Structure formats: C-alpha cells, structure tokens
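Encoded as structure tokens, the structure appears first; notes follow it.
The first chain written gets the first letter, and so on, giving A, B, C, D and E; residue counts start at 1 in each chain.
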Amino acid sequence: MSDTNPISYVRETMLDQQEPPVTERGAIKWLRENLFSGWLNSLLTVASLGVIWFLIIEIGPWLMNTVWNAESLRQCREVLDGSSGACFAVIKDRWHQLLFGFYPREHYWRPVLALVLMLVALAPILFAELPRKMLFFSALFPFIGYHLLWGGSIWFPISILLGFVAGYVAFRLVVKVSSLVGVIAAVAGTLLWWVFLAGPFDAALYSVAPIGLEFVRSDSFGGFLISIVIGVSGISLSLPLGILLALGRQSDMIFVKSVCVVFIEFIRGVPLITLLFTASLLLNYFLPPGTSFDLILRVVIMVTLFAAAYMAEVIRGGLAALPKGQYEAADALGLDYWKAQRLIIMPQALKISIPGIVNTFIGLFKDTTLVVFIGLLDPIGLSNAIRADTDWNGIYWELFIFIGALFFIFCFSMSRYSMYLERKLKTDHR
Amino acid sequence: MSSTSDLRTQTAPPKTAFRFSMLLYDQRYRSVTIQIVFLFVLMLGIAWLVDNTISNLRALGKDFSFAFLSAPAGYDINQRPIEYNSQMTHGRAALVGLLNTAILAVMACALATVLGVIAGVLRLSNNWIVARLMTIYVELFRNIPTLVWIIIFGAIMTESMPAPSAFRGDTPSASMFLNDSVAITNRGVYIPAIQFATDLGTLPLGVVAPSINWLLVLVAIIGGIYANKAILKHATAVQNATGLRPKTWWKSLAVLFGPLVVLFVLFGAHLEYPELRGFNFADGVHLRNSLIAMWLGLGIYTGAFVAENVRSGILAISRGQTEAAFALGLQPGKTMRLVILPQALRVIIPPLISQYLNITKNTSLGLAVGYMDLRSTLGGITINQTGRELEGMLLMMLIYLAVSLGISGAMNVYNNRVKLKER
Amino acid sequence: MSDLAAPEIPVDRDIDISKMQVSDELAIQITGMNKWYGSFHVLRDINMSVYRGERIVVCGPSGSGKSTLIRCINRLEEHQAGQIIVDGTELTGDLKNIDKVRSEVGMVFQHFNLFPHLTILENCTLAPIWVRKVPKRQAEETAMHFLEKVKIPEQANKYPGQLSGGQQQRVAIARSLCMKPRIMLFDEPTSALDPEMIKEVLDTMIALAEEGMTMICVTHEMGFAQAVANRVIFMDQGQIVEQNEPKEFFSNPQSDRTKLFLSQILGH
Amino acid sequence: QSMLETIQDRGELACGVSTGLAGFSAPDANGVWQGFDVAVCRAVAAAVLNDPMAVNFVSTTGQTRFSALASGEVDMLARNTTWTFSRDVDLGNTFAGVNYYDGQGFMVNRELGVSSAMELDGATVCIQTGTTTELNLADFFRVNGMSYEPVPIETNAEAQQQYLAGACDVYTTDASGLAATRASFPEPGNHAILPEIISKEPLGPAVRQGDEQWADIVRWVLNALIAAEELGVTSANIEELKAGTDNPEINRMLGSEGELGAMLGLDAEWAVRAIAAGGNYGEIFASTIGEQTPIGLARGLNAQWTQGGLLYAPPFR
Amino acid sequence: MSDLAAPEIPVDRDIDISKMQVSDELAIQITGMNKWYGSFHVLRDINMSVYRGERIVVCGPSGSGKSTLIRCINRLEEHQAGQIIVDGTELTGDLKNIDKVRSEVGMVFQHFNLFPHLTILENCTLAPIWVRKVPKRQAEETAMHFLEKVKIPEQANKYPGQLSGGQQQRVAIARSLCMKPRIMLFDEPTSALDPEMIKEVLDTMIALAEEGMTMICVTHEMGFAQAVANRVIFMDQGQIVEQNEPKEFFSNPQSDRTKLFLSQILGH
C-alpha cells in the first residue's frame, strides 16, 4: 500500500451484517410492500378486504348454521325456524347416491376396494421410486377392477386377457417373416380371439366353474363412481391412442398421416356433447341391426377418442421438441422404428409433454359431467334426481357445494401432482 | 491419387427397377404396403359402417335427405336475433340457433378476456391479498367443471332473484336498479334498449333484414376506427419528423364517438326503459336467465384459464426486458406499451384464441339451462320433430367444425405473422 | 506475478492509457450507502467517487454485491441508506431525478436484453425517439453511426434472434450509446459469451474507453482491466475491500481476500 | 333375426320411459320403476319373457325418445307419447294403440288470478321441448293473436322447479301430466288447471317400424289388458279363469282355446302372464293414477266403451 | 508447408503408423454413387474403396457433402444411384441388409446424440441388449470395458447432462463400440467441443486407430489426419476432388481447390 497513490485503498476491518432500518423490517415493511405500496395498491387492498368481508358476512352465518340431521328440506326449515342456514342433511341423507348411484348397498365394498387397488396400481406409475415389479399389478388392474365393479363371470376378464396372449403367440409365430406381418398377426390374433373364441371360452368355463362376484348392471352405476370409471378408463385408454395418433400424424406415410390429421381435427372441431349424442343415439345406426352394447362402454369409447385427439396434439408438441439427432442415433445403433420409439423417443417426448397430458386428463375428468345429457346419472344427474324428489325439492347450494368440492379435490390434486412431476423432472438427469 | 476437375451435374435421380418382394422388405416400398393395408382396412371399416347404416335406414323406412330443412318448424324460439316465428322453416330455426350460439360465444369471449386479463395481471401484483384472491378465483374455477358452474349460475338466477310479481303492488318487495332502468328478475335481466324516433326501415338482404339505422351506426363505428388509425398514423409521422408526438386522445375520442353522437341525435335516439306490464316486464332488452347463466358460467370459467395464459405470457417476458427498458430511460408506461405488451401478446394470443374455440364449443352446453342455441334448435327440437337424427347431427357437426376450423385458421395466420425471427 | 493476466489480454492494438483523459469533475459520488434485501445486508457502507472520464473495473467473488452496486447507480435497485449523486443529481424516490439519471447513464447487461420483437435498428432508435424525442431520421442516423462503431452496420435490419451472442452484445452497447450517455455501466458484459466473441466485445469497449467515456465495468477479464482501467475496485461481502491502480492491484494486492481471489481467477 | 328373438336372447326388454312423472313412470324409493306406463312395459315383458321384472327402463326426455327408439336403444316406448300422423308415418314409429286419451292443459298459480287460457297474453310459459305440446302451444297463441315467452325445458322435474320458483307463469303439458305434477307440489291447492284443453293427445306405446310381429305383440298385450277389464278378468280371478270358462273370447285370450299365442310367436299363456303382472287395465289405472291415488285422475274418456268411454279393444278372434 | 498443421496436433505419444495393419480385404466399396436432395445433386459419382483397418479422413468445405457421404454408408440417407457395399452387403432398400450393415457400422455424431433419459451405462447397453440380444449382465460388462477404454468408467451411473462435452463424446464413442462394429464413422466428432476437450476425444480416437479399427472420419483436425490417417479424401461440391497420403496431401496438394481450402483452414 502506498500513501502516495491517492486512489489506493484497503479496508482494514470487515463490517458485520447490520439490521436493516425499521422500514425494511418486519410487519411494517411487509404491509408497506405487500399491501400499501402506492395508491392503486392500497385501493386494491381495501377493495379485496371488502370482497372478503362481504363473502364472510353473506356466506359465513349460512355455513355456520348448518343442519345435519333432517329427512327433508321441510324438516330442515323447521329446524332452522326462519333463520338462514345450510341444510347439509341432504348430503348426509344421500351421500351414498352421490358417490355410488344405485349400486347395491351391500356391494359398496367393491367400488371402494377397486378404488384402493387403483391407487396401488397407479403408485408405481406415478412415483418412479417404487419397485418396477409393481407395474405387473398395474397391468392386471384393469381386469381386476372390471370384475370388482361389474362382477359376473370371472372367466370373462380372464378370456379378454387371454386375447392379448393370443396376440402375442401369433406375433411370435410369424415375426420371423417380418415384424410388420408380426404386428398385423398380433392385432388379428387378438381380435379374432375376442370376437370368436372369448365368448364361448367364457361360457364354457362358467358352466363348469361358475365363479365370480354377483353381476351389477351398468345402469345401477352413478354418481362419482361413474365419473371416475369413465374418467379413469378414458384417461388410461386415450394415452396410448393419443401416442399412436401423434406418431401417425408425424409419419411420412401420406395416407396414414392424412387420416390421422382429419381424425384429430374433426374431433377437436366439434363439441364433446355432439359426440356423446352420437354415441347414445346414432351408434346403433352404424352397427348391424340388433347389436347393442353397454352405454357406459360407448361413452368410454367416445370420451377416449375425444381425449386422444387432444392428447395427440400434446404429444406431437413433445415429439417436435426432440432433436433430430435422437432419431438418427437410434437408427445408427440399429434400433428399429418401434424399439426406437419405445426406448428412446417416447420416454423423452412424454416427459416433455407431462403438463399438457395432465391438463388433458383434468379436462377429460371434468368433461365426464356431460354424460348427464345422455341420461347417465353422474353427480349432476343425481343432484337433479335428488331435487326432483319431493323431500328435497328446492335444495341447491348444498348439493352443488358437495359436488364442486369433490371435483375440486380430484382436479386440484392432479394439477399439483403435475407440478410436482415437472419440478422433479427438471432436476432429474441434470 | 486422383483428382477430378470437371464438375458434372445431373438434374434428376434415376429410377430403380421394382421387384415384388420389395413390398415387404424394402424400406421404400414397405411404407406403400403398410399404407395399402391400412387404407384397405379403413375402407373396409367405413364400407361396413355405411352398409349397416343403409340397411338400418331401409329397415326403418327412412331415407337420407335434407329436405326437412325447408319444412315449417312449428316451434317457437324465445331469443330471436332475426325475424322468426313458428311458421318459418327448420332451416331458419337453425340459423336463429346459430346466431344465438354466436351471440353467446362473443359475449362469453369478451367476459373471459376482460376477467382473464384483470385476474392474470392482478395475480402477479405484489399486493398479497389481491394476488391470493385471484389465485383462489383461478383455482376454484379451473378445477370445477364448467357445467357445474353453468347450473349454479342458472340456479342463482331462478332461485335467488325476485319474480316479476315482486315488483308489483303498493309495497313491492323488489325494486329496479339504476334509476328504474334495470330489473333483475328470476326470468332474466331487463335493461333499457336504444330506440330511434326516425326509423329508416330495414334493408332486405334475403335471409336477414337488418335495420338501416343500426347499419349506419355500424358504418359509423368502423369509419371511426379507420379514422382513428389515420390519426395515429399521422401522429407517428409527425413524431418521426420532429421527434415530438402530438397529443391525439381528444381527436381519437372525437372521431370514435362524434359520428355516433351525431347519428344518434339525427335519428332521435332515446332509451326505452323496461316496464312491468301484465305478467312480465315489457320493452327494453330482455337478457334471459339461460343467456345470463351461460354467459357467466362460460365467461368466468374460461376467464380463469385466460388468466393463467396472461400470467404465463407476462412471466415469459424476462425481467431483463423491463430492466433494459428502464436503463434506457423509458418510463414504466412506455416500457409497458413499447416493450412488454408487444412481446407478451405474441405469447398470450394463440392460447387465448384456443380458449375462444373452447368457449364456442362449450356453448353447446346451453342444453343445461334451456338456451336456444344451434344444438337446441337444429340438434334438438328439429331432430326430434322430424326424426332426422343422422342428417341433423351431421349438419350440426359440420357447422361446428367449420366455425372451429375458421377460428384456428385465423390463429395460424396470426401466429405466422408475429413469429419471432430466429437464427 | 504480473504476467499472470497475460493469457487473458484480448487487445490487438497499442493502447496508450496515459492519453485517456480523466478530469477532476465528479461523475458519480456515493457516500455511506447501505442496502438490504429483506434482512440481508448486501451493500455495507459504500463510499466511492468516480471522476469524469475514469474507467473503473469492479471485481470480486460471486455474490459480493457487484451487480447490486452498479444497479443502484441507475436505480434499478433502491438503496436504503446513504447518498448516491450521479452527475449532480441525487437519487431519491423522486421520479424526475430517476428519469434524468437513467437517460444520462447507459447500462449493458450480462444477457444483452435486446428487445427481440424489434430489429437491431429499432432497438437502437426506440429510446432516443421516445425519451429524447429525437426525430426518427436523426435517431436512425445516430444509430447507424454507433452500429458502425461496433462494426455491425450490415445487421441493422435483422432481428436480435438472428445474431450471434457477440454481435448481440455489441448491439446492446450501441443501443446504450445511442442515448449519448455520459456514463456507461457494464455488468459482466462478456461472461455469457463464447471465447471468440469475447474479443469482439472487449475491442468495442476498449474503443469506447479510448474516447474518454466514463465507465464502470464489472468484469473478470483481467486483461481488459490492465489494459484500460484507471482503477480496480475489489468487493467482498458487500464492501469495498481494496482499490488500486490495475498494475499495483494485480502485482501487489494488499488484502488477504484480494490475494486469494486473484490466485483463484488467475490460477487456472 | 326378429325383434322378438333378439329380446328373448337378451332376456330383457328395453323400455323407454320418461325421466320421472309420478304415477306414469318414476322410480320408487327402492329404485324400482312404478306407474301407469311402466305397467305396460311389465305386461309386455311378462308376455314375452315370462318375467315382469325383466325390463331395463331407459329414461328418455321428450327430445331423445324417438331417437332412442329409432336407433334401437330401446325396444318400445311407453312414455305418455302422443300418437300423431307424422310420428307414425314420417318418423318411422308404429303406435300400438292408446292407453290414455288426453289433451293439453295449462296450470297456473291461483295468485295470478287467471281463470282462462285466453287471459295468458304475454305470459311466460314453461314447456317441455320436443313434445306435441310445444307445437300446439305455438299454434294456440298464434291463432288467438296472443304473444308468449316460451321457456324450453328438458324434463318434467325441471319444469316443476322453474314453475314453482316463479320463473314461468304457466306450465303446460298433457292434462294428466299436469295433474301428476301438481300432486307432488307441497301445496297443490294453490295451483289451478285451467278449463281449456287445447288439443287431442292420445297417448300410447310405440315401437320401431319394420317388425310387424313385434308391433303386434305390444298392440295385443295392450288390447288384452283392456279387454280383460271389459271381460271381467282380473289378477285375482285369472288363475281360475285360465283353466277355461264358458266365454269363448276369454278362452281364446287366455289360451285355453285356439292358437292365438302361437300366431304371435308366443306360447299360449302369454296374455295370462301379461294380465297377472299388474292386473287388467282398470286395476292398473286405479292403482297408479286413479282417484284413490294422490294423482286422483277420473276415468273420464278412459272408461270402457261400455261405460261411455273410448276404450274399445278389438275382438280376440 | 508441412509444419502448418503443427499447432493442431493433439497427440501426446509416439504413434508408429506403419505398425497399424491394413489388410487387402475391402470393408466398404462405393461405385458410381449419386444422391439427390429433391433436385439438388449433393453427391456426384462417388467411387471409393476402404480396406479393412484403413483409417480415412474426409475433409472439404462446408456443404461439400462430407456428412451426406458417410451418412449414406450406414443408410441414414438413401442414395439413388450406384452401389454401396459394406462388409459384403449391398445397401438397397432391403431392411434386412440395412439392419445388418447398421449393426456392423458404428457412428459418432458431431452433437454426440446421447440419450439424455438414460444413464451412461444404459446408453451403452441399450443397443446390445435390444439389437444384439445380449444378456444384460454381459452387456454391462462389455460397456464397462469400453468405458474404461475411453477413461470414464467412474461416470457410468451419471446422466449425460451431468458430463462435459468431451466426456459425452467419449461416451458416444464407447456406445458405438459396445456394438462391436467392424467399421466406425465419425462426423466432425470434435467440432462442437471446447479446445481442451478436443484433445481427450482425439486421444480416444487415436487409441482406436492403433487397434486397427476401420475408420472414416470427417474432421478438420489436420493434426489427427497427419498422425493416424492412411488416406485423406478431399471433397468439394459433392465430389471427391483429391485423395492422397496425408503427408503428400498436406505438403503437396494438386488441385487448386485443395490448395485454397488448405490455405484457409491452416491459415489462421
């Protein structure tokens, strides 16, 4: 250090942290920065406080003054005796209908067990930390779930399952000729089994060994049970279909591509409700006379097609975000198209598309409410039915609050999960 | 060692001979095979469906024809943007329905945009309470089906509003708002209508006959917008030349509203107030419950999605842009107008338009509250009265499809226009 | 030890630092300035004067508050105690003063922050037209002048996305210069650039320095510091720990922290 | 494959009913469908499937019912559906007869002080969409030079709510439907059904056109129910009568004489089962909508022809 | 002129090129090959034979078709006329042949193209397991062997994103080697790397060359060419303009184009 040089300077002692001045500290600062920085902000604060106050004043007493025990709205009113109050007794009286529809009461354990098993089956898909072996159960769950919910012959789901085995055998047999022929054989094998052999197989085994839970008809399904059944099947079926459509749309085979484009654009261009009407009113025009199949199944098919078109667009975005080098590297290593898709392309493309996929799922789940228009008794349909009952004629808000709250819980947790996943994938592999 | 100096060019690749086994094993021809198989299966499937349909129709003794569109409809429609009565044709009824769909869609888009922009911006505000409140709004509406909201708004309208009879009598239990000009009843909201003392009649244009007064008003509005554009352009020219931008707001106001005021005065425009007469309010404009419920349900629900788009659009513009603008000395207002908005709009508008598309498709939920849209007229009563479900559904789907493709086509044009230039 | 900085020197012409003028007028004066983020004390008792025409390099470990310091100078951040006087104007909450200071002080950021929706030329003319109220023609002429200075006039009608990083940073410099600022602040202008591009940008900055622009530059390009700086300021933990002439600073650091820091950045 | 075979293979009759109209078709507290229209379905199911409970009730709205029938969603409609020319001829349905002769009426709140439909100018009218009543209403108001504001509604339950909430002044539908709806009001006495009946509404079961055998079965099951009342066959005495009586028509109907059942493609006891399911027409009427029930409808036009009514079953011969 | 290439030589050991074996069997034979992109004639009448164990460097100006040429050799691009015979198998549309050739020919890309969702080890074992149907254990052993060879066994369980560019490129090489190819193609393997990393990768390639691998390498690293190549091929406008031994090629180019090209790339 030289004193001759005026600009030279060395600090001898380091300064310690100091407390900020009062204006920078604690509640005052928080208030100043968060609520009252500038007149506009203060105005907004006052306005929002007003809104909150209004809501509390309007809804608070009504909610606080809830009647839980009553058999009809009239009784509720008697209990309330003129004062304003909610009548959640209707939920207590009818919750089982809102949740299960007309599913036989003594069998409620079945949908509940199915739901629990579904969560177990979902766990390894949702959380990568869990052992991969659990995926085996996930693959079996659709059949278990089906049997739990509908019951009937246990051989039926098993014979459907065998269809996949048949497809696999067919594939093995001819794959040597060419993988293309193999795929065609697999599809044909599965379909042939389903169409021609599954029925007799089921009937034969059932006559020998009539095992199975009691059969429950589709029209006893209702309430959230139906929303979840349609939602979950739609979600799990639309993902693979969406992937195929996205691949078709990306394909350089002109016919395949244009068929996919037309399909996707058509489905996305018309309201879901018109498709549901088609499923319920027009489908039989397109099928041979006398065929009729379950309305829930038809709705699931339509909802799946609908969601698949949206899914395809989401996944296409993911595919487009992948660098071309990934395809080339897979080619150069000798992987064929499907292996490259399965091992290299899809794992990455799907990861990129997760937010979009989950959004499509949430949309699909919310859209299950539209089935009320074709006469299925989803929660909204049941709320109409409950209100049509003389006991509960005139009740509104309690039912809507209950239905809304349940939907909110489902959808909100899905969107939180997608945020969790996004965050996790962002840090993974980096 | 070799070296070539002549650079030969051929212009077209030669063709190679084709062998039959190539169909399966050759990279180039295999795709042809796949497509032929695919197409064959597809054709077979379609043929099967068509064949079934034909034989099913024959069994029912029905044909496939759109002649029903010119048969008298027989039913009434409560909301009629164009002249309609029950003696007119099903085609006309479908047109009325389509217009009702359009009215609802436009109203809901406007509401969703306004709410979405406000909520999206406020959600980013550093005002803690407001931000929380907006978060609650967005999450609450995004996570509950729109149909539930529509029904709730429908219920609010019918259950919580006073019947017109409550406005009657010496001591009415309900009263009108805004100086007796707006009545909110359980049959809808009645607001004042604008009437012209000098009515210039209508302009017969085939299917529709718009009022000449309103056409002139429309012309005045469009003219005003063009004039305003010219004023702004002139202001820019002046600014370019001198550096100083002339104040234009009063000129803009004048050209935007001046002609309107003149026209209104010329035509003797006055407000026609709703008035309780007989069973109902008469005069004024009647916004029916169904319209209000659909409008609020769709508008507020979609507004929550728009809010998210707006928020992410603004967040997509990095803080660096604002800082750079500030560092250059641009004031916050100009920073917003010249730097942030032009960039944010590019991000916001495409998802905004797909929300508009969703709204348009969701208008078909009008069924839930009895709104007479395209689905209720053509896709509902007409199908039911004529038994033409195949034709009716097909026509309805095609109309929705055309509208959707139109909207998304416009979106693509916009996207291409504003795409950022990159390396 | 003085040759340590050698491999970093990007300069390809002879610079006579003595020819660059420093007047004795004050451009910036900071006294007893303190700043907190919440309860975190980022800047502690900063005292510093910058003379017109002086070129100051600020260095220090990451998180030491360098960026915060220069961002306080054009009020991108607010300080809570002490005084900052820029070009005779004190920075307080007064919006007029802030506008005045900002239009006198140019700033170049690490990540360029060009406006991607405007062409290069529009980027450069935006502020002069809307802040300085310069007629468009004239603004464009000025802009082309500075674009020539940073050697990319031919890119004027391209968009930022079409330029390389080095070119973008030069545009950012030109954009600031178009406001004819009396003081330029640089916040690690080269640290987001590839090695070849660093040179382009440093050359531009050196040219500026030669013209006598008052500059404060946060950088770790020690070659640049040695070549053009009048003074190097070393910061740590929100404080100015040492300042000196570049030569002295590099060859003979006084404080232990400075020594440690220099050994780290020059070491590899 | 004929409809009959299809249904017998399936083991279940798909019957389209309303979404809920007390007395005509509505599920009771246990979810079992009950009512006047439902009884027709049960009788048909008993005749063809030997089990009156083997019915899958599909609720249809005014708008969806014919599509449901045409598309094969349901095998028959028993849904207070009016037999009209265009529904029969153009829409491709076949009506199997009339089980209730009705007409369209109006219901208003007594507070309005309206005593005639002619005083309804300017009223707001709740109306179920996709019904004949919607069309009649349009005609009625137009012909009488009055205006009205229609509020289109999907189901009877919704209409009832709107009406009770005062969202419309008037509710119009078949008079029987009005009575059934009013019966479920908290205070039925506050509501008046206006004297004007503005249309003829012969309500009856319908099937899809194109399978005559199936149409005949439904038609003759209905006729059997009506004839049984005329002939004094009831659910109480049918076990006894089916062994044979000295009335040859009863014998032919109940299968102890002749081959009527075989001609329909059914067995001999088809009508016995149909009648045993819920009784004859009179019994069904009395237990579902008759004067002893909350609905409280008088037989009126729906009395046997012998009693001065319109019910007149063709002979079983 | 031969010393021009000196600064680029990355070799840190003595290579005795004469010890590397070249057999007289043909590994690749290309005759009269032509390729078009649409109507643009990218490769014009290419004739070229590569012997087993030969190491060929391909160079030429940008856009001259180098990448396209080597991408044709494992059919990442399709040629439209002429013949390519790799290891006795002619490349036509026949998928069987294509699969066969691809599993004999390894390729390393400029941008590595590692699979980011798989660990290094999984990257290396994927193709052996799914294409060669090797048991997983054995595939992992092979993979570790080659990872050791490229000197990064310790990274086996990391993800590509966690590695530096040079490390990634070495993984890419190991990944190709795991398929035990008889021929390796390199498309500018070092041009996306920082200078320090180039050396790591070139060392790995030299080690490969010493083991007698047949290699075709598109590169502008002339040091590498001089050190290990048997032949340098110079391409321009889709044609092979000149080919020669490296020494001759650099010291005594024949064609004007070659001279121009060499002066450009060695010039700065």
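Just so we're on the same page, a contact is a pair of C-beta atoms (placed from the backbone, for glycine too) under 8 Å apart; a residue touches a chain by one contact, two chains touch by 3 or more.
In UniProt terms the chains read A, B = General L-amino acid transport system permease protein; C, E = General L-amino acid transport system ATP-binding protein.
Being a predicted model, the structure only gives us computed values, none of them experimental.
Visitor: Between subunit B and subunit D, which partner chains are common?
Guide: Of all the chains present, those in contact with both subunit B and subunit D are A.
Visitor: What is the chain whose Cα centroid lies farthest from the Cα centroid of subunit E?
Guide: D
Visitor: Which chain is the middle one, judged by CA centres?
Guide: A
Visitor: Between which chains do we find the greatest number of C-beta pairs in contact?
Guide: Comparing chain pairs, contacts are most numerous for A-B.
Visitor: Subunit C and subunit E are the same sequence; what rotation (0 to 180°, nearest 5) superposes their CA atoms?
Guide: To bring subunit C onto subunit E, one rotates by 170 degrees.
Visitor: Taking each chain's centre as the mean position of its Cα atoms, how many Å separate subunit C from subunit E?
Guide: Their C-alpha centroids are separated by 46 Å.
Visitor: From the C-alpha centre of subunit A to that of subunit C, how far is it in Å?
Guide: 53
Visitor: Subunit C to subunit D: how many Å between their CA centres?
Guide: Whole-Å distance between the two chain centres: 90.
Visitor: Tell me, which residues of subunit A touch at least two other chains?
Guide: Answer for subunit A, listing residues that touch two or more other chains: 281-282, 284-285, 289, 394.
Visitor: Specify, in ascending order, the residues of subunit D that touch 2 or more different other chains.
Guide: Within subunit D, the residues that touch at least two other chains are 64, 67, 71, 161.
Visitor: Which chains touch which?
Guide: Going through each pair of chains, those in contact are A-B, A-C, A-D, A-E, B-C, B-D, B-E.
Visitor: Using the touch definition up top, name the residues of subunit E that touch subunit B in the complex.
Guide: Going by the criterion above, the answer is residues 34-36, 39, 41, 44-45, 78, 80-81, 92-96, 98, 237, 239-244, 248, 254-255.
Visitor: With touch defined as at the start, can you tell me which subunit A residues reach subunit D in the complex?
Guide: Listed in rising order, the residues are 74, 102, 217, 219-220, 280-285, 289-290, 292, 374-375, 384-385, 387-388, 390, 393-394.
Visitor: In the complex formed with subunit E, which residues of subunit A make contact?
Guide: My answer: residues 323, 325-326, 328-329, 331-336, 339, 343-344, 347-348, 351, 428-430.
Visitor: Any idea which subunit B residues touch subunit E in the complex?
Guide: Against subunit E, subunit B makes touches at 1-5, 7-14, 16, 22, 25-30.
Visitor: Where on subunit D is subunit B touching in the complex?
Guide: 62-64, 66-67, 70-71, 86-87, 90-92, 111-112, 120-124, 129-130, 134-135, 137-139, 142, 148-154, 161-162, 165-169, 208-210
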